[in-house]
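Read through the structures below before going on.
Across the two complexes that follow, subunit A remains constant while its partner is subunit B and subsequently subunit C.
== the complex of A and B ==
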């Protein structure tokens, strides 16, 4: 029982950690996009408004991957262990 | 304090409006499933404000980063993204620790701004098509 619990909790934590690897990408991507936007605005200062709007929407979309990863990680840390432990306990109880 | 850009404000209001609509839809789904209680409502409120606030902070970062040189803008965005993810994690942690809040209802609204942005794209396309 303890071993099974340990494996469940360990795997949940490991899964959450692996999911958060996806959180690295959006930061780098957003950084590159904003750097390019800075360059674009330096070349054409009159296009600042449209560049800001496009930039904002682009960043929001780029960030989604990180948010999905965060949501999965949160669910794996806070929600999944309770459900899995309940399943384990009911399975052992049925045996 | 620096003035908030008009574009950032406009987009944030748009995203907040969509978050409100999706939150109502989410509450309706919980009601239909028969799983609605006050903890869902508190969770939804917390999650919705965190998601909208996250978008607003993103806008502020973009606004301030656009005035900087390339390297600084890059670093600023990376730092901001990390801090905002941490903020959302703290919000989820609050949802987990406070018994009067349902954590799943906190987490689901985090995805709403993405849907709002996707729909915004279709609105722009429609407007362009009309003009």
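== the complex of A and C ==
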């Protein structure tokens, strides 16, 4: 029983950590977007307003995949252990 | 500047009071119901009460109450801003109100086109609700936008609007649009259709929630760090977490204010883009012309 509990909690934490590897992608993507925006503003300073708006928009959309990973990680840390332990207790029996 | 009457001022004061009272009510409600906790405490919205219903119990949570409070605040803000409108712009607030309306109208016109001008109240309403809901953390209240149920509701609303504007060209054209460009891609198109509201809801909720989670983690980390580093200080000084003063506020500037307002803007922007993109103006015009021609023909036949 203790072993099963340990495996559940440990694997939930490991899964959450692994899910957040997805944070690399949006990081690179947003970095590229901001770099290009800087170049564009340097070339045409008068278009600063529209470039900034478009860049923020693009950054927010690029962030989406990272946020999916974040939602999964949060579910794994805060929600999954309770449900899984309940399932364990109901199948094996109370401690 | 015209001198305002006493009655005008009393109504003004009432509006301002009604803008502040909801926040106080929310804080009082929170203090009365929330159990005190120590250390890291990241939980969902507090459940106030449940109403038994035949299918499923109707749960009233903190986020619903807070979003209603936000609605009241926005309502009275609007009443305050539009109180005493005149043609000559005698009050300062009228300039500000006109600025907001003009900006939003310009934004909607730029992004959606002339046909969707009726959307600008909806867009600014969405923006205000989302923005104030995120900013409510500054009062220490639970932000409704960090609850997936609230944001998911908004996303479903946007999804209904998108489907409505796709349906405008007829249900057959709507079903046909899923088989574009090849019939083989129908499942992927269906997934893409459902992914729109899901991604909108997750984007908004994830951003606000991650901000508050990071805020709590950093505040706790600073507290334990200061007790380790500054524990040698004499007397009561050792008990005060000195590092917690100020540093989390700087992060809150980004995570609560900037991120919250940016997400509100992006949610409104995406709503505009999706709704405007769903409407196929050319096909609609063709269908309307065909209908008109048919009507004319019918009339001619009758006569």
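In the analysis below, the second predicted complex is superposed on the first by the 93 of 95 C-alpha atoms of A that agree within 3 Å, B and C clash if a C-alpha of one lies under 4 Å from a C-alpha of the other, contacts with A are read in each partner's own complex, and residues count from 1 in each chain.
We take it that contacts are C-beta pairs under 8 Å (C-beta built on N, C-alpha and C of every residue); 3 or more make two chains touch, one makes a residue touch a chain.
Just so it is clear, the structure is predicted and the values come from calculations on it, not from any experiment.
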Practice problem: Classify the contacts of A:48 with the two partner chains as first (subunit B alone), second (subunit C alone), both, or neither. | Solution: first
Practice problem: Check whether A:37 is in contact with subunit B, with subunit C, with both or with neither, and answer first, second, both or neither. | Solution: first
Quiz item: A:92 contacts which: subunit B (first), subunit C (second), both, neither?
Solution: neither
Practice problem: Scan A:83 for contacts with subunit B and subunit C and give back first, second, both or neither. | Solution: neither
Quiz item: Where does A:14 make contact in the superposed view: on subunit B (first), on subunit C (second), on both, or on neither?
Solution: neither
Exercise. Could you figure out whether subunit B or subunit C reaches more residues of subunit A?
Key: B
Quiz item: Given the touch rule stated above, what does A:27 touch, subunit B (first), subunit C (second), both, or neither?
Solution: first
Quiz item: Touching subunit B and also subunit C: which subunit A residues?
Solution: 56-57, 60-61, 63-64, 67-68, 70-71, 74, 78
Quiz item: Touching subunit A in the complex: which residues of subunit B?
Solution: 5, 7-8, 11, 15, 55, 58-59, 62-63, 65-66, 68-71, 73-78, 81-82, 85, 88-89, 92, 96, 103-104, 107, 110-111, 113-114, 117-118, 120-121
Quiz item: Which of the residues in subunit A come into contact with subunit C in the complex?
Solution: 56-57, 60-61, 63-64, 67-68, 70-71, 74, 78
Practice problem: Going by the contact rule at the top, pick out the subunit A residues touching subunit B in the complex. | Solution: 23, 26-28, 30-35, 37-39, 41, 48-49, 51-53, 55-57, 59-61, 63-64, 66-68, 70-71, 74-75, 78-79
Quiz item: If you look only at subunit C, which of its residues touch subunit A in the complex?
Solution: 42-44, 199, 202-203, 205-207, 209-210, 213, 262-263, 265-266, 269
